[in-house]
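Presented below are the structures under discussion, each in the form of structure tokens.
In the two complexes that follow, chain A is the common piece, with chain B as its partner first and chain C second.
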Partner chain A sequence: MFQYVVRRLVYGLITLLALSIITFTLLQNTGGDPLDRIKSNPRITQQAVQEMAVFYGLDQPITKQYLTWAGNFVQFWNYPTAWGRSFQGPQQVQALVINRLGGTARLMFTALGLAVLIGIPLGIYQAIKQYSFFDQATTTFSFVTFSTPIFVLGLGLQIILALKLEQWTGVKFFYTSGMNSTSYADFSLGEKIGDTLQHLALPAASIALISIAGYSRYQRASMLEVLHSDYLRTAKAKGLSQRTVIVKHALRNALIPVITLISLDIAGVLGGAVITESIFAWPGMGRLYIQAIGQNDWPIVMAVVMLIGVMVVVMNLFADLAYGWLDPRVRYD
Partner chain B sequence: MKHLWQRRSLTWLGLLLAFALVVAACGDDDAATTTTAAPAAATTTTAAPATTAAPTTTEAAPEGKPYGGEAIFANDQEPPTLNSYAPGGDNFIVSIVGQGYWTGVQEIDGFTLEIIPEVVTELPTVANGGITLNADGTETIRYTIRDEAVWADGVPISGDDFEFTYNIIMDPDLPITRTTYEDIDPDSIVVGPKTFEFTLTAPTVQAELIFGALIPKHDVEGSDFINDWNDTMWVSGGPFMFDQWQKGEFIRLVRNPNYWKTDAVTGQQLPYLDSVIIRFIPETAALINAFKAREVDVINPPPSIETIEDLQTLEAEGAQIEVLSGPIWEHLNFQFGDNRFERNPGSYNEFLEYRQAVAHLIDKQKIVDEILKGQVEPLDSYVEAFSPTLSLGAWAQYDYDPDKAIALLADLCARADTDCDANPVSTVFSTTSNNDARVTLSQLFVGMFEAVGIVYTNELEDSSVFFGETLDFGGTDLGEFAWVGTPGLAGLVGIHDIFDPEAPPPDGQNFYRWGTPEVTGADPEGYNQGASSVIDENTARFAVIRDAMNATVDEVELIALMNEAEQILADQVVIIPLYARLDPGAVWADELGGFKHNPSQAGVTWNIEQWYRVDL
Partner chain C sequence: MSEPLLQVSNLRTFFTTEEGIVRAVDGLSFTIHKGEKFGVVGESGSGKSVTALSIMRLIEAPAGEIVTGEIHFKGQDLLRLGDEEMRKIRGAQIAMIFQDPMTALNPVYTIGNQLVETIMLHQEVRKSQAVDIGIQALDDVHIPNPKVRMDDYPHQLSGGMRQRVMIAMGLSCNPDLLIADEPTTALDVTTQAQILHLMLELTEERDTAVMLITHDLGVVAGFCDNIQVMYAGRLAERGTTDFIFDNTFHPYTAGLLGSMTRLDEVREERLYSIRGAPPSLINPSNGCRFTPRCDFAQDICGSKTPLPREFGDGHWAACHFAPDLDLSRVKRAERVG
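This part shows the complex of A and B:
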């Protein structure tokens, strides 16, 4: 087991190295120059452009830029300078990224939590009640939410539940944007919790609705496969109760494929939700990431990609270890 | 590089963004917060500001506007830094926020769009003795600082602050753009308690834009200037003080109790509001929804017609929507460098008849009607985007007349000795593909060009490509993009640099390569190409005019030179100005008073000290 973990970690490091090289190479070849905005000033001198290039390290050969970045990136404890400066200003990338982690974690874990807590039981119940009216109705709902673009869903919720609902009732239930009210610091604890929920509800619901559809479909399919297996038929024939059959024998095996899905979703949490965060003005990693891409701000893009990469490696390992716990047949050689 | 620019800090406005290229196309709550304490009481013995005591709580002023309350302005961008001199400080939103706490020599009046004095008693001119043209060809400028001008901590704004600002800008170890400041003779600086004097090596109208954001010596001296002032701000000289930056969400400014200005009409001390919040909402739809839900009081949304029409439906509910012609002016441009032949081997750009034909075949009114729903008039000159009163309207000579265009094309074929029936004249049009208005424009052009027999092709590109290699290397045949106009003579003089025949890229900004010489030895290779297809007496004269404009501060002479330059550019059809983009501003007027939208780089917060709550 220990050797397996070490081996997987070594593979993970190689994967991350490859990821950094590929991402860096792609970013260098996407067109545009981080200094384009500065160069476009008719009155800017070549000397001034050169000074900016030196300030950002862009005067160095590409290979050296990469090696400098990589050397500094791994020394993440040198906060906040380890990951370099953003090209849009003098701000340190590490500080920018860490500032956004809290917002992203709040949104994504809430959405993921809702999706898991609702989607998995829903999928199990759909499988148990296969072809019932409930199964048909929730399946239809799943297909509708799953096929709705998130910006339509997000804006729709914003208009109906934040705008119209207030107009109809005269009561503000939800806010259209932001993570908290600007006067949040002056609120009492109860008001803070209420304010947080009023801001969090719509963006979290936008993501969760789509994820619930996905999880429930996965779980339903997985559960159905297990329910039709021979060992479960044997369990039923032995006279075990329906509850014991489902919870003790079926669910454990039916969860294995879903565990993979959840693991990968957790890995993706750090990347934030680009569209949802933009629609709801949520201060998360997704917004930072997409803005950085549009501005050729590769130190930020590299930092976010590498963080996601690290999470994918770790969560994949976690998922594989979880298989062993869920399925005793799995051995780590 | 989307949305650019500013106001009270006209420093960078003059230096960096006079004509910035427009690309129309980027846990723990406490941990993400930067907060400063209110400045300590004045520690020096100074004359008290000539203002009344500052109100600190919500109270009504007799016969005046009410004090107190908060206003929330929402913008689609967040500043990368609060320091206008730091890299990234030239971004428009930096100055939008900075209006609250910066002070400097000049500001833009949102009503007249003229440059007016702020911290100085008057803008220096030859007539008022503030400018002296010396016999040795140098120019001496003298500022007199207003007696009542103090920083928020009560320390008087002095000549030392001007000198300190100059020294910071000129520090060779700091990555700061120094244009114009480099022309100051450091030995000529004379500092007084309320005066500052310096000499420029040559007269230049660009001097009217310097020292737009002063740096307080007593607060900043000894700090790490580039790293210490990104998330927080030095002591305020403006109506508000920086208070808090919740990254990704908002910046809060609070009243400066020592602000030294009073309302010229009511005599009340400014500002009226206790605080101002600047919120960041990147998505236009979300920005509009937040406004509709009255979660924000003021917005300056991107100028799409759909957005404007949507907002105008709110006027019955108390919103005030002001749609003005903004400073961003779109124009067609002909490429005169060799690389245009890679785009269109049959390019006729060097022929005046062809350019005139294009000017006549374009129905600008139809373009404005389709793209801007007729909310503004087409441009007859780029000067209209800077100082409309100075414009000759020189492109008005090219009325929409397809028959004239056909006749001109026939002349062209005869002069070029070409059988245009066998080899019809062709045009390849390039602009950014991720801008809806430009895409619509390209579609409108299809019918207009084909109506006169030109074989027309659209080759649109993503803005990162178009404003990258394509523009740098002159890879267009007929191109279209925008520049930003700036109020004042300095901006108008500066825009002519982009036509300077002596300034081809990479060192210069004449992207059109009109009259430019051969370029060799540049890196990357794409810059290297032969001399312009058009080098004649007009380009030579223009180069002389451009140099003359940059060597005088005589207003009469400047205007004459600018008029001549405008006429040459129009007669030679180097460009074809199309229209200025709309600039909408929206406010809930039943909640917030004193707001006046400003379409210039001054931005919507230009008179933030005059805003007051109507509903108090």
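This part shows the complex of A and C:
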């Protein structure tokens, strides 16, 4: 088991190394130059551009640039300079990314938490009550939500729950942009919590609704399979109560496949949600790296890609361990 | 024969499907006595499993429904019991084991866990006592190292061993009736014989009645006191094993006997095979359902349903022409021993 974990971590490091090389190479070959914008400014002299290139190390051969970046990147404890400087201004990449990490984590973990806490029980209940009115109604709802583009969902929530609701009631329930109000610092603790939730609710709900639809479908299918299994019939034939049959004999088996799905979704959390962040003016990772890609600001792109890579490696390992913990048939060797 | 244990009367179990209503069991009556070894045979789809699941009241609603009938077990009608009362009977007084031992045990719990669970459910014992009873039960079915095996997961055991575990679990609460639905079909021939022998030995010891479901007449021959042959959800013929093998009155039974492979005799003729396939159970035609496949069919067979008639000594047959047909042409297999 310990050996297995160590081996998986070594593979993980190799994967990350490969990921960094491939991403780096791709970014170098996208046809743009990080200093394009500066070069196009007529008031900046050729001389100044040259100095900037030297300052950022862009005059060095590609291999050297990569090695320098990698060497610094792994020394993440040298905050905030370890991940280099953005080409756009004076900010340090590490500070920028860590700053966005908070926003992204708040939004994405809330959404994911809601999706798991609602979607999984929903799917299980749908399966137990297969073909009931509840099952059919919620299934229809899931299909509709699942096939609605996220920007429609996000804007719809904004219009109905923020705009219209405020018009009708005269009370502001939800905010549609940002993470907090500008006067946040002056609030009491209770007001702070309220303000945070009022900002978080709609963007988190947009993402969660779609995930709830996905998770519940998946969980329903997996639960149905278990409910029709031979060992469940055995459990009933033993005289166990419906409750024990479901809670003890069905649930654990039905959760096994879903664990992998959730783990990989957690891995994707750091990527943020570009569209939702844009609609709700949420300062998250998604918008940061989309902008960075557009401006060839590769230190930022590299940092975000590598963080996601680390999460994928870790969560994959976690999923496999959880799998083994739930399913005794899985062996690590 | 001793007192009746289970009396099924006029059982009808139907399934609603998209194609129509499947009359899986359609007016079946039979009795199993205390300690009796009762065999149920018939082709695939003849309603054997549905009969068993109806007795256990494990027919899955809403598609499946017991439409009419009574199932008297030790004097009470199981179909009138509340869910709670029925649960106290399942596993305790009527136990059931299934065809595929590979999938019948929950893969995520140990053998011991699943055994002890059953024991504690139906017996007033503490955990440690239940564990002892469980170990004893595994020992009874000749599982080596029962103490160690308690901690094994199902996937660590072979098919034969798992079926032994199922038997141990079934018998752990000393039921009056054990329903075994094709318990050996999924096993190799040697293991089959061992498992059957074991079941017979243990149930004889405890005077447990067994309803043994199989499509293999060879299996029931060595095991059962009485045999019930089912066709398309109905009774074809029932009687003592000896009588059915030596003196069948029903063309379908004769066909089954004729198509039996036997190791203990040299056959001169080719094996008989019943032509055609079992009928659809959705809107079945009037009359005897075996008519299209029967070598002896006459006009009346297609229009009038033959009701089971008794020919003395618990021998029942549902054929207009019983006992007058000469079935020797069909039935070559003479029972030896």
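Descriptive notes on the structure:
Basically, the second predicted complex is superposed on the first by the 332 of 333 C-alpha atoms of A that agree within 3 Å, B and C clash if a C-alpha of one lies under 4 Å from a C-alpha of the other, contacts with A are read in each partner's own complex, and residues count from 1 in each chain.
By our rule, contacts are C-beta pairs under 8 Å (C-beta built on N, C-alpha and C of every residue); 3 or more make two chains touch, one makes a residue touch a chain.
Nothing here was measured: the structure is a model prediction, and the numbers come from that model.
In the three-chain model built by superposing on chain A, chain B fits alongside chain C with no clash. In the superposed model, A:326 makes contact with chain C only, not with chain B. Touch criterion not met for A:72: it reaches neither chain B nor chain C. Judged by the touch definition given at the top, the superposed model places A:260 against neither chain B nor chain C.
When the two complexes are superposed, the chain touching more residues of chain A, out of chain B and chain C, is B. In the superposition on chain A, contact is made by A:229 with chain C only, not with chain B.
By the touch criterion defined above, A:241 reaches chain C but does not reach chain B. In the superposed pair of complexes, A:249 makes contact with chain C only, with no contact to chain B. After overlaying the two complexes on the shared chain, residue contacts for A:23 are found with neither chain B nor chain C. Superposed on chain A, the gap between chain B and chain C at their nearest CA atoms measures out to 39 angstrom in whole units.
Taken together, the chain A residues at the contact with chain C in this complex read 131, 229-231, 233-241, 248-249, 252-253, 326-329. Contacts from chain C toward chain A in the complex involve residues 56, 58, 62, 87-92, 95-96, 98, 100, 103-109, 117-118, 121-122, 153, 155, 166, 169. Chain contact summary for the complex, chain B toward chain A: residues 1-2, 15-21, 23, 26-29, 31-32, 72, 79-81, 83, 86-91, 175, 177-179, 206, 226-227, 230-231, 246-250, 252, 277, 279-283, 285-286, 289-290, 292-293, 295, 462, 464-465, 467-469, 494-495, 497-498, 506-507, 509. Those residues of chain A whose C-beta lies close enough to touch chain B in the complex are 30-33, 36-38, 40-46, 48, 51-52, 54-56, 86, 88-91, 96, 98-103, 105-106, 155, 158-159, 162-163, 166, 172, 175-180, 182, 184, 278-284, 287-288, 290-292, 294-296.
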